[in-house]
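Please find one structure pasted underneath; my questions will follow.
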Amino acid sequence: MTGLSITAKVLIGTSLLGCVAGMAGSFVVLRRRALVGDMLAHAALPGLCIAYLVIGDRHRLGLLLGAFLAGLLAMGVLTLVTRTTRTKEDAAIGIVLSTFYAAGIVLLSVIAHVPQGNKAGLSTYLFGQASSMLDADIAILSVVSLVALVVLMALYKELKVFSFDPEFARSQGWPTLMLDMTMMGTLTVVTIVGLPIVGVVLMAALIIIPGAAARFWTERLGVMLVLSAVIGAATGSLGTLESSGQLAQWLGFDPLGLVTGGIAMPTGPVIVLCGAAIFLFSVLFAPRRGVISRAVSEVNLRRKTARENLLRTLYELSEHNLEQRPPIALEAIRARRAWSPWAARWLLAAASRRGDVERKQNQVRLTPKGLRRAAEVTRAHRLWEMFLIEGANIASDHVDRDADSIEHLLTPDTLDALEKRLADSGALPEEDRQVPVSPHALEESESTPSRDP
Amino acid sequence: MTTIAEWLAQLDDQTRTTLWIFTVGSLTNVSCGLIGCFLVLRRMSLLGDALAHAVLPGLAVAFLLSGSLGIGYMFVGALAAGLLTTLLTQALHKHGGVPADASMGVVFTSLFALGVILIRRFASQVHIDTECVLEGLLDYVGLNTIPVAGLELPRQFLSIAPVFLLNVAFILLFWKELKISSFDPALSTTMSIPAGLMHYVLMALVALTAVASFEAVGSILVIAMLIAPGATAHLLCDRLGRMLWVAAGVGVISAIAGRLLAVQFDTNTAGMMAVVAGACFALAVVLSPRYGLASKMIRNARTSLRIFSEDLLGMLYRLEELAVQRSLGRGEAVQAVGGGLLAHWELSRLIRRGYVVSTADGVRLTEQGRRHARGLVRSHRLWEAYLVEHLGLPHDHVHAPAERMEHYIDERLAREISERLSDTEVDPHGRDIPAD
Amino acid sequence: MHSNLETQFAVGTPAEADSPPPVEIHDMTVAYHRKPVLWDIDLVVPEGKLVGIVGPNGAGKTTLIKAVLGLVPLASGKVEIYGRPYRRQRHLVGYVPQRESVDWDFPVSVLDVVTMGTYGRLGWCRRPGKSERELAQDCLQQVGMEALADRQIRQLSGGQQQRVFLARALAQSAQIYFMDEPFAGVDAATEKAIINLLKELRAQRKTVLVVHHDLQTVQQYFDHVILLNMRLIACGPTETAFTAENLNTTYGGRLTILDKAAEAVRLGDRPR
């Protein structure tokens, strides 16, 4: 340990901290109690001050113990207030946070007036300064992190049940109060050992960011915990390397542009910014849950829906005379679909580019290829309608599980199965296998008078 | 004006400073407290916390672009940062599927970190001290004054006073809109008062208030004052208007008491004000007449006392009914209704009030006590009969619910029940239902 | 489309030929994120009717109302209130949201809540005056709650809270009312009071759309039903639309409910 350079020591400390804070934080993020971490960090201050006033700053462990007790007290007050009064949890968190912290500030200025008082040692806790960490700090940090890690892994199953459904956990006879206390206690410990590195305000980031970022990449709690630990460790180590200028040295350039001025950057904020960068990357680029992938699939879905609605409308408007593929007025299409003239024209232009329709002034006509596609789409639509009718309960389950399973996205397999089922029950008209007649009786009678001869 | 100026001039420095601290502190606390009421009611208290932190990069960027620490630039910067925080938080929540609290936590910590770095990187020579952002410089309020119309007004006063007026004017002008969009956003939107717009306007005001309060009191007092007075008032009031007055009162009390205590203990004024506000909240939690812990406990104790006394009377009545010869001793009677100190206390109270007499062989009902007990037993048996007749519960399942209900059935209800019963003479167990 | 509808109405009652229907939904599709909730809804609600919106859980009943009121965006389609877009007809529409949607700890009195019904008419910045408060008092009286005007709203029972919401809707003095499960969790007396109120509204030629859960009472309460299960199953007068077949379609294989419903249909307007 002593043989290592300062940077190496700090690196070990910050990555361990990031790792365990990420794991403990995952649970609170999932339980929608992310800002309890923020509260704990702030609430530790008066504990630190009182411990300092009592035992001085020679015993790091004593200071941390004071902070820990203050954190527990804050948790207790929070629980009491939210359980017994009409004050909601958010307000209660805010009040406990600010009152405890203000008490800390008050005590700090008392300390400043004490003879031989030296609040420099304490102000590292406020803003965090990893480079001022002592060997003792790192030792404490490592031990605490490892213990917390072991606790979280040992209680993985229990915490999982408890986080997901506390009522169920209680009904199964798990000691939920104990589990809650273990989870929050672990969080408190982790928060407090992290204070000297990132400071009071930014500790919340180390707790929240890894879990929230990991959530984007997976739907499994186990994977999420591992990922958040990795992201936390990466955040810690990248931040440390960046703030010490090491990263810039290795890469030949400075990825965040922070140290080029030759001014040493405080470790805490740099770590948090690294975390924010990883988080932002996850938000944007994660598959499925990421914003870009969501937006793309939404646009695709909308385009597909519009295209198929157009084909279906054209099919239905041509249905009385399919062989001839009669020309259809633009107005007739717009009357059946609430499209703006602009949108209708754009859709038709796209359709004619695909060779589905021919356009002549204000009239369109399905091409043979377009007719085939339109028939297919209409068939799927009508099958889906029947599916809903035949098995409404199954259908809604189906839609819940996979959001994309509306008519436009029925897979060929499903279609086959459906068709077979419907044919078996005699619901699929034999004479016109390709397009079953719409079972949507209402549509015919009320809103499609134009189909009548 | 001149008279005020003369009056101020003839004060000694100490008094003048104290006066300014009272004024600036009160204005700050009341501004935050008023707007904070709506945050508390909308369950967005922590957005106040987030905004108070996240304006830091706004200040830094405003300074970098303008090269000055003028109030105007700072306002614009803070406003932009505040709105950015709100927008990012909502976007993350809505489009990214991040839980609301986590997205808030990510956004404000990241922005705060950015602010710290920007200041360190580009503005380390100027005095935007992160420590002062947290703790405030209220103690030095009289030192930095600007002459306005012949008066030497502190800089902090000049920044908070307009914001205070703006907040008050906004609340007065848009009272109805604020009320309905906080209470029922959906209805408000259907009534052409878009709840989303009100949300952003409110957030803009919070950001403005936060930045105007900063220099004086620091972010921590801003957070405390945005939340604590509103939450305290919510525990004490059932009307929005009164709630705002109480919140303002808590703000002023915190300012004055905070200063006095800070002088007493020679410590940080802003911090002490926040502690006082927290203490006000704690007091309300315990002592609020309707929602406080103490009053709840008293109410609960009263109810259990009443239940003990009614159980005692009912039991003695039933014993008389069964014509049991032997009277119960005091200890036995208490034991029979569950025992404990409260039961003892209640029995002696019944004896004092002349419902029960205690003789050498034991306790028995007086005429007055018998009349009262008859009513109770009547309620009990009516309820049992009702449960059997109207809900079809089996006979052996109705005693326990009736045991609970008898304490809550008043005369009117008893009459109503008896009107719906086909037989009001005998209960399901075949015992007489005493007449009225 | 418009001309079509008008010809349709011309065939119906001549008195209504000129005025467009209170609610007309055309080609409406609603999706939350990528999950479709309602699609291809086309329906017309006639004036002066009590309309029940019926369907299983998750069928999109609440979403239908919210989409009409512009509270959730439409993926496609349009909604017209008396022939014009909803935004321009807000003053004609009253809304009773689900009871769970508000914070009952909010520091307002019963009268305050009812007075909120008049806010939409007042426009920005104007405060409710004496006449608004009197109107609110009147509305409270209509639901039999005038004695509790000064209570904080948490201190009411579920049924009383629901009545306050109804009084607030009355204070909106709307032509069309949308009510989201007004009968959920209320006592029998309140249910009766509510239904009397609805009938009163109908007598004044107001149109009321009610999300309703209890199939047994549909025939008793409503003139017109909208059967919904993610798509429109049927929309029409109760006698013709509330059939065993349509219910079967709406509720699919949910036999227990279906049995109950079939029984209700068979027994006609069996008293509860």
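Letters A, B and C name the chains as they come in the text, with residue numbers starting at 1 for each one.
FYI, a residue touches a chain if its C-beta (ideal position, glycine included) is under 8 Å from a C-beta of that chain, and two chains touch if they have at least 3 such contacts.
What you see is a predicted model, and the numbers here were worked out from it, not measured in a lab.
Among the remaining chains, the Cα-based centre furthest from that of subunit A is the centre of C. Two chain pairs, A-B and B-C, are weighed by contacting C-beta pairs, with A-B ahead. Computed from the mean C-alpha positions, the centre of subunit B lies at a distance of 35 Å from the centre of subunit C.
Once the centre of each chain is set as its mean CA position, subunit A and subunit B turn out to be 32 Å apart.
Chain contacts: subunit B has residues 43, 234 touching two or more partner chains. Shared interface positions of subunit A, i.e. residues touching 2 or more other chains, are given as 86, 294. For subunit C, residues that reach two or more other chains under the stated contact definition are 105. Considering their complex, residues 41, 43, 173-177, 179-180, 182-184, 186-193, 234, 237-240, 242-243 of subunit B touch subunit C. Across the complex, subunit A meets subunit B through its residues 29, 32-35, 37-38, 80-81, 84-88, 90-95, 97-110, 113, 123, 126-127, 201-202, 204-205, 207-209, 211-212, 215-216, 258, 261, 263, 265-266, 268-270, 272-273, 275-276, 279, 283, 289, 291, 294. Within the complex formed with subunit A, the subunit C residues making contact are 1, 4, 7-8, 26-27, 29, 33-36, 39-40, 42-44, 56, 58-59, 75-78, 105, 229-232, 234-235, 249-254.
Taken together, the subunit C residues at the contact with subunit B in this complex read 66, 69-71, 90, 93, 95, 97, 101-103, 105-109, 112-113, 116, 119-120, 122, 124-128, 152, 168, 172.
Looking at the complex, you find that subunit B touches subunit A at residues 40, 43-46, 48-49, 53, 92, 95-106, 109-110, 112-114, 116-117, 120-121, 124, 130-131, 134-135, 220-221, 223-224, 226-228, 230-231, 234-235, 262, 265-268, 270-275, 277-279, 281, 285, 288, 291-293, 296.
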